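Note that the chains are named A, B, C, D and E in the order they appear, and that numbering of residues resets to 1 at the start of each chain.
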Amino acid sequence: MLLEVSDLKVCYGDIHAVEGVSLSIGEGELISVIGANGAGKSSLLNCVMGIVPSRGGKVIFCGRDITSLPVHERAREGIRIVPERARVFPRLTVYENLLAGCFGMKDKISFPEKLSWIYGLFPVLEERKSQLGSTLSGGEQQMLAISRALISDPKLLLVDEVSMGLMPVLVDKVFEVMEMLNREHGLTILLVEQNALASLGISSRSYVLETGKIVLEGASGDLLKDPKVQEAYLGL
Amino acid sequence: MRVMKTAVLALCVLLLSGSLAFGADTVKIGLLVPLTGPAAADGTSALYSVQIALDQVNAAGGVLGKKVELIYYDDRADAKEAVALSHKLIEQDGIDAFVAGSYSLPTRAVAPIFQEEGIPLVAAYAIHPDVTRAGDYCFRNGFLGMVEGRAAGYTAHKLLGGKTVALLTSDNDFGRTLVVGFKEYAAKYAPDLKIVSEQAYPFSEKDYKPYLSKIKELDPDVIFASGYYFQTGPLLRQARELGIQSKILGEEGADSPKLMEIAGDASEGFHIVTNFDRDDPRPVVQDFLKEFRSRHKFEPDMVGASAYDAFMIITDGMKTSGSTEGAKVRDAIAAVKDYNGLTGIIGGFDEIGEVVKPVQVQVVKEGLFRHFGVVNDPELIKP
Amino acid sequence: MNDYSITILTFIAIQAIVACGLNVIVGYAGQISLGHAAFFGIGAYSSALLTTKAGLTFWAALPLVILITGSIGLVLGMPSLRLREDFLAVTTIGINFIVESVFLYVPFFGGALGLGGIPSITFLGTRLRGPNFLYLCLVLLGLVLLISRRFTKSWAGLACFALREEETAASSMGVSPIRFKLLAFVLGTAMAGMGGALYAHLMRFISATDFGFPLSITLMSMVVLGGIGTLWGPVLGALILGVLPEVFRPLIDYRMLLNAAILLLMIRFQPAGLLGEGSFLRGLFQRKGGTSNG
Amino acid sequence: MDDVLLRLDRVSKHFGGLKAVDNVSFELAKGEILGLIGPNGAGKTTCFNLISGVYTPTSGAIYLEEKPTGGLPPYRMASLGVGRTFQVVKPFSTLSVVQNVMVALGLKRYGGVISSFAPWETKKSRKEAMTLLEEVGIAHLADTPSGQLPLGNQRRLELARALALMPGVLLLDETFSGLRHEEISLLSKLVLEVRNKGISVLLIEHNMKVAMGLSDRLVVLDHGRLLAEGKPEDIRSDPAVIEAYLGKGASANAS
Amino acid sequence: MQLFIEQLLNGVAMGAIYSLITLGLALVYGILRILHVAHAAVYTAGAYVGLYVFTLSGSLLLAVPAAMAVCAALGVAVERFVYTPLLRFPPFVPLIGSIAVFLAMEEVFRIVGGPYILSFPAELPFSGITIRGVVVSPAILSIYAVSAAVLLILWFIVTKTGLGLAMRATSQDRDIAGTMGINASFTISMTFVLGSAVAAIAGILVGIYYNQVYPTMGAVPAYKCLALIVVGGLGSLPGAVLASLLLGVGETLLIGYANIPLPRDSLAFIAMIAVLLWRPQGLLGGK
């Protein structure tokens, strides 16, 4: 297993956001976690990344216990996140955003190579490479956030609500890219989504999170057919 | 809540009433000086000089057969602290007389308190006119701004032979009254003296070039630049850097060896009106200089000299009146005539309590203040 | 008690009155103000001018002083409606510097020479001094505490708390930010004005430098130290910061250093103040149940 | 409709280049529950902020009982009878739960000089507040600082606070998200009761089951624009809605 | 005209000095959102250490780096022991902490260095120039040269190096910067190192220019520079420099050509309030 999370708890003050979640991802898997707003999805992801501290439980990455590592060291271990609402650096140019993405990278020589790969993936970023992050549209910001995470060649990519606020066309495009990265490059991805249908569509396995707890898990195809999921998340 | 209030109150009262002094067989003289805060340098000078005076008096057998004890506190040049401390000096320490070694604001705030208690007060260098107006127990050994302003006018006109003058003053109470005095002299005695410009700079000013550039265009014979040494020092440097050739005249605020350190060569030929003549051959001056230099690694200044005299005038008053009783000491001080002081021969005090003595004019030569002249026209030095 | 202790306590009581006013603005309404000394000064100067130039008695001048200071507080509180926290902090510092320099440079206010000849306060024909002056200060401090307490228990106070916690939500609950922020400024600055009047008639001579920015810092430190938004916090803060320098007085050279160091240590280790949430003193003295609001 | 309470007339709100709400018009009738749905970022919360006065419309007008309200600040809207909850809960954290409700109860007092200085903690006001807290089911937490409540209870508090304004229109911004099933059904019942008292409700909801179940009508927003409007069963089968919600690929998949 | 040019040259020199102090404040505000009043004490420390080393060694080449090093350590100490633990409190708590540090350090300077003004007798290795009657003194020349060099180096570090990228990223979004492997606490400390080292240079420059080093020399910059970073737009470095230069020139010209009834130091605050009324986010501040 690449990532093993066991009995993870996250609290904000006295508020319990995540109450004992366990999940695991093997190398090369694309897993999704679905749930409604406020179910604790982002907290879970931020806790795996190390942005918010855990109040119990363990996070094991590549066989190493990283529960107490600060965020930048986790990043250097090869975990990257595409945060909710992109959160690109507003006063850095697109190019600088990408440069920041591979901050810890030892091997600087491959940066131009990576860059042209990214520009191939999202040509609009090359057009806008000297624009400030804040001047990009919502979709472009998401692309930049994904690219910023990808450029360091991560072992594990955490993706937080990438469909939020995107036009359907772009949602499709983004999900296609995720699928492609997983299939063709063997990138391990943990996807957290409110858009249940799209994420169930591309992931192999999924977890359903409700009020901080995992209530369902299984192969995505099975969940898609699950009446409870259909009712609550697909509106069918 | 109530428990807390009483507890804290009790604690506070306990702390405050800690150090009650016991009446010992000494004569006690109180001193307030700013030892911390922005005025710390002047307060330290005053304290060091008064300590020399104290040791000299005690070495000579004290006053009326008793040893003199100096009780001093740091007032940070803050009026609130000074008021509280004057009560402390009066009640807890039971002082017999008081030397005000601080700035105008605190001294002015405490003068009425000593007046009311009937304790003689001699202000060393506080310049606010209200200090002595608090009553007949309050005296001042320093010059009023009016006096020094007139003397400056005289110096610029007669001693330096100026026909045109530019006024550039520190914008505080002293600086302003100096200007008034200077103008009064010009109006009354020197119709041919022309004041070509008048500017004031704020207390914390560091950059005088904007003012000086203006003056440079006017090219006056004399610039009367009032202010403290930390103002006048850079001012001199910047004036010379700008190539200003006019003679520059300062006042007692610039009377500090620090001036030459700060201004360097630019201070050569700089004149001041002050109340301390270092070239005065009288033993009182030369002994003091020797003692100060041997105790501390720097030159004494006018603030210290004036505080020294304030202390000495009080002990002298006690000796002549044969008493430490306030009223008698007051009368003795009021009756002083031609007292041989460190800051010159003190003619006496007028009915308000202002000192009457000649104004010294000094010039910087080879990095030292030297004698240049004296203003002793009674018309001019009358407070 | 001797005059020395009484003088110290009188200053403490006056500063406690002013700090209570600051607490209304900062603690109750959550608006930062680092220029409170300016209003203390406005109170002192207006009382001094009213009693010297207009010839009023202290008692006749006092309501006017409170009115004047409160009105100026209303105007100078306006930036709080528009600026976010840090900008407001620096703006209020600026207000302090500007007000101080107006006093210092405008001849009407006595300029650099300050204002003197301020009459003492007479009560029933006798001049108030020493302990009697202290009693007057304590009575007015009690009044200020009473008003503060009453304010926290009023709908207006509740509105201010709500604004302090969440402005958008409070506004959506019908609380007008303009009205209640300014109300807090008026109330807080009026208290400062009252303290200023007392100060002027105690010292009987005032000058601009008495009301400079360092005093604003001291006042703010009192409020923060005692416990921001608590009723007794400003009083405790004023007491500590008033007594501490006297305790350290024998250590002449190190006195102010110790003072600053203790302030730093208290802020560092009791940032919520001595009576604030989670402090050791609060545990000791707070009655059960009735919270004093935040 | 002749008993229109709230009307949006070609309302737009732009942030820089972003058109968060773009030319949207819809109406809310008296006593109606109207659901406002749409994908994340569709402009629903911006709509709420426009109605409640947090934002001023860039263009267009909003009418409450046919009186234009555009530009009035939130506290004026509150006094006109618009009560709201927040998607990101905004409790007055250090105030207790009951004090939170009292803030809203004070609505009528804040206008007057004298009335605003009357004490707030009276038996009467506390009783009113407690009644509301009982309705939303958190009366037992009345004296807890509201910042320490779990999210679910904070959402209930938001509802109690909005109800305390005795509003004519209640705006509920994802009040049910993050709640457990039994909590949702309790609050749903409460919303229906509120409606039966004649209060109109406008709600944003992600849980389709809840949205469809509660609402009389639905308005669908997408990218700031009005995409569809109608009864739940019509919306459910509207292909444009499905596409907007689930993406093109998904719409084929789902239908 | 000659007078005007001299005044202008002067004003720019004043502005350059302001900007060297203000930059540190802007850097710190950008990354921690703290009004770093104690920065002025760091600047004073720079002057004292510089003077001390200069007195011992007689060499400015030793004094400047020594002062920079000591100030950098001082800045980091303030950050680590005062600011970082107080970050979660409302902003006036760290602000009071900062002011307490400032006051305490002023006292330390007085106790260690004495209350007197010390002179900084460094002779500059070149002489002034006169162009068509306009006198440019060596001190002004050195201020121009040093501040231009410092600004250039700082600009290079901030825009062209990895550290600069890390600083900018951390100041814009600390958490997200962390997710890229940027060590936020190290970056913050480095920001203090940079700002404090520049302040040390400013301290020495001012010390030499006015030939004075004294305990309370930080009192005016401490608060005036706050007004400057507000005018520039909190946290904006170009804004801080621009505001400093404008104020330097503005002050000089106003004194030179108008008799204003208010002191120079309140001008900064009047300018600040005027700017805020017009652009509440400052000259170059973003929303």
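Keep in mind that, in the parts below, contacts are C-beta pairs under 8 Å (C-beta built on N, C-alpha and C of every residue); 3 or more make two chains touch, one makes a residue touch a chain.
Bear in mind that the values here come from a model prediction, so they are computed numbers and not experimental data.
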If a chain touches chain B and chain E alike, it appears here: C
Winner on C-beta contact pairs when A-D is weighed against C-E: C-E
From chain E, the most remote chain by mean C-alpha position: D
Farthest chain relative to chain A (centres taken as mean CA coordinates): B
Centroid spacing, where centroids are CA-atom means, of chain C and chain D in whole angstrom: 42
Whole-Å gap between the CA centroids of chain B and chain C: 35
Distance between the centres, which are taken as Cα means, of chain C and chain A, whole angstrom: 52
Between chain A and chain B, centroid-to-centroid distance (C-alpha), Å: 74
Touching two or more other chains - residues of chain E: 107, 263, 265
Sites on chain B at which at least two other chains make contact: 35-37, 171
Residues of chain C touching at least two other chains: 105, 253, 256
Interchain contacts, given as pairs of chains that touch: A-D, A-E, B-C, B-E, C-D, C-E
Interface residues, chain A side, partner chain E - complex: 49-51, 70-73, 75-76, 79-81, 83, 87, 89-92, 96, 99-105, 134, 148, 152
Interfacial residue positions of chain E with respect to chain A in the complex: 162, 165-166, 168-169, 172-173, 175-184, 286
In the complex with chain E, residue positions of chain C that touch it: 26, 32, 34, 79, 82-83, 85-87, 89-91, 93-95, 97-98, 100-102, 104-106, 213, 217, 220-221, 224, 253-254, 256-257, 259-261, 263-264, 267-268, 271-272
Of chain B, residues touching chain E in the complex: 35-38, 40-41, 43-44, 171, 199, 201-207, 209-211, 213-214, 216-217, 229-230, 233-234, 237, 241-243, 258, 261-264, 298
Contact set on chain C toward chain D in their complex: 150-151, 153-159, 161-162, 165-166, 168-177, 179-180, 277, 291, 293-294
